[in-house]
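Following: one structure in structure tokens, then a few remarks.
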Amino acid sequence: MDGLERILAGHRLFAGLGQPFIDLAAGCAKNVVFRPDDHLFHAEDPADWIYLLRHGRVALEMAIPGRGAMQFETLGEGEIVGLTWLLPPYRWGYDARAVELTRALALDARCLRDKCEADHDLGYELLKRFLPVLVQRLQATRLQMLDVYGSAR
Amino acid sequence: MDDHPAVITRDGLATLITSLRGDGFRVLGPTVRDEAIVYDDVETLDDLPAGWTDQQDGGHYRLVRRNDDALFGYAVGPHAWKRFLHPPLQRLWRAEHDGTTIRVTPQADPDERMAFLAVRSCELHAIAIQDRVLLQGPHIDRHYQARRDGVFIVALNCGVAGGTCFCVSMNTGPKAASGYDLALTELLGETHEFLLEPGSERGAALLARLPHRPAAQRDTDRAAQVSAGTAASMGRTMRSDDLHDLLLGNLEHKRWDDVAARCLTCGNCTQVCPTCFCTSVSDTNDLAGATERTRRWDSCFTLDFSYIHGGSVRNSPRSRYRQWMTHKLATWVDQFGTSGCVGCGRCITWCPVGIDITEEVRAIRDDAPGGADGRA
Amino acid sequence: MAALAEAVAATADAMVPRIVRVRKRARDLPGTVTLEFEPADGTTLPRYQPGQFTMLYVFGVGEIPISISGDAGDATRLVQTVRSVGAVSEAVTQLKPGDLVGLRGPFGTAWPTDELAGQDVVVVAGGLGLAPLRPSIYHLLANRARFGKVVLLYGTRSPEEILYRRQLQTWRKRLDVDLEVTVDHAGPDWRGHVGVVTRLIPRIAVDTAHATALVCGPEVMMRFAAAALHDIGLPESAIWVSLERNMKCAVGLCGHCQFAGMFACKDGAVVRYDRVRRLMGLKEI
């Protein structure tokens, strides 16, 4: 478990949360590997895991009738896949697919949710860390939505 | 240079005009046409608006008869001297395809030398401002330069302040200070005479050829009184020492919405303003296969003015009025070192809805956060 | 007198086009074309600096500003890239080798590539913004040893709309340049980044105290990119952007290109970000 603890303790998202949290999280964590084109999850799947990417690239995409799967974001080393694990109905709204060989630390979201319900201070601390990332991605998405480059024709 | 002022009579003034014409100048000056005083060719004294004056106010201009024969008893009309120096339409070049290549022929400038008669102090400042804009950048306007070089200027110290004038507020008059070859002040009363002051070597040389007598102290005193009287009867005032920061610090002031509700974006103000210089180019083709590019006056009030692919940057009338006013009074200083406004009041008179730039400034200042001190 | 003669020459030339001929035409993308010009009137090509533009005149149609997108160090070629967005640009994209056009310029300010010796350089391009940046990229790569780290970030709408694709691939193969390409959205075959180009900025590793950024693209993208660069520690005075405004004369005499107190054609198009940051945040200015 040592390796997992080190990774968690070193990640900026969990900085300052103290050893008890690290121990707890490490207890609900495991190393995972995805080969190219493996899915981390599909839309409508229960949001049971949070993925800290250690290596590789993951594409977030949605299937659009007539256009197939459209990627709207890729995430890489050091980034988190799965920000909405905290919010009901605890289901993913999109697909996540490994674009290349990807190693990640998977955290048990159900376990973390239970802990947050029991310990609201912990819940607040986690929210304070996940929310800025969500807002940053929202801002980026807005820029994408404005379609500033215009179309080639 | 012999800079002693002289006094001439109407005959002297007539001789001034014929001498200039004889010297090969095209003399342009105030004339009456279409119920306004406009600048046009002047051949004799009879072409001048003798006995006329003007009533000017926001959106209002009327010619009214005076009870005397004053030749210059009015303020400025809708024309500015820019129409001769920076013409409304100017061909730039003509191009023809001759089978193997395209030959471009730049437009030559006319040989004509112009003399401007009765240029007001505000107009002298306006000409100097346009000189700075068009002759002092990294590229100069050679058509302006060709027309500007050698213009003979006979200034006129205003005897009447117009209903919308505020040159005193802008430090641009009413007495002409420099930039002229000769300056006239009309002296009315028992005698109808003119004080004539030389402002350059060639002005003095021309004066020497006119029937005149040296000016006495009483003549220069009378002239000073004329200017003082004009200065004391300005139609408008505008505090002008703080405009740059006041306007650029209030770009979202609600007054802009207020004026936008009135402004028709007709662009009259830009046409009559003596310093507005914006132009556009248009290309025309003829059936013989030649093409010509013409430069024409343009206005920042048009929707197209700031068009880039997809739309205009300044889409709303609010943004376009704001552009004109902040450019004229504020960013012009950043670009050219002086204000763009000379206080001539034309924009107030010729605005169909009577928008008054002095009032707009006052409204913003009076209501500016941290900026109001009650003074207008 | 020499200065006067130069000024006279500048005056005489500025509004009158010289004639050039299209030597080559390459279609980059649907509606976007790169043209190479040669003189057709016996004169030599004008020298230019990276970031400058010319006014290109299609006889009988009209005149528009076009970015110079070629290598400023090569005096024998004048290369420009244009996208069709209106009647005149459409006509320009339809020109064929041998066609004659009018050319005025070059005009405008340049990317400060001469002043970057010893600095880390970050180039952030969005969409067609890669075209006016390409001359500065050529300069950086041709004089590579003069600079610290060189990072190129390019964002565009989709993989099908990547400009100068082959060239990007060539640059990517170099060991002394960090190149990242991202798109706003992509189909399943794309294996690269997806997301706005600003998202690539927090991941670059440069010495922010000795770095300069050159940013070009749609105005909104430049604002967000400059903000992201500032967030990682670049002072606003170390960020350069390129303004776009309506150009008619391109020599500061017609008033069309004004952006508050600046004339985009003579005070720009390349400007230092700290001078325009506040203005870029104002609407309809």
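Going in written order, the chains are labelled A, B and C, and every chain counts its residues from 1.
In the analysis below, a contact is a pair of C-beta atoms (placed from the backbone, for glycine too) under 8 Å apart; a residue touches a chain by one contact, two chains touch by 3 or more.
Here the structure is a predicted model, which means the values were calculated and not measured.
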Based on Cα centres, what is the most central chain? C
Between A-C and B-C, name the chain pair that shares the greater number of C-beta pairs in contact. B-C
Rounded Å distance between chain A and chain B, as computed from the means of their C-alpha atoms: 67
Cα centre of chain A to Cα centre of chain C, whole Å, reads 37
Chain B and chain C have mean C-alpha positions lying a whole-number Å distance apart equal to 40
Among the residues of chain A, which ones contact at least 2 other chains? 150
Residue numbers in chain C touching 2 or more other chains? 85
Mind pulling the chain B residues that touch 2 or more other chains? 310
Considering only the defined contacts, which chain A positions touch chain C in the complex? 57, 59-61, 67-74, 76, 99-100, 140, 143-144, 146-153
Okay, in this complex, where on chain C does chain A touch? 29-32, 83-85, 126-128, 156-157, 160-161, 182, 184-188, 190-196, 198-199, 203, 217-218, 220-221, 224
Touching residues (chain side chain C, partner chain B) in the complex: 7, 10-12, 14-19, 40-41, 59-63, 85-86, 89, 100, 102, 244-246, 248-249, 251-256, 258, 260-261, 263, 266, 282-285
Residue ranges of chain B touching chain C (in the complex, touch as defined): 92-93, 95, 97, 101-102, 104, 106, 133-134, 137-142, 145, 248, 251, 277-281, 283, 285, 291, 295, 298, 300, 305-310, 313-316, 318-319, 323, 326-327, 330-331, 334-335
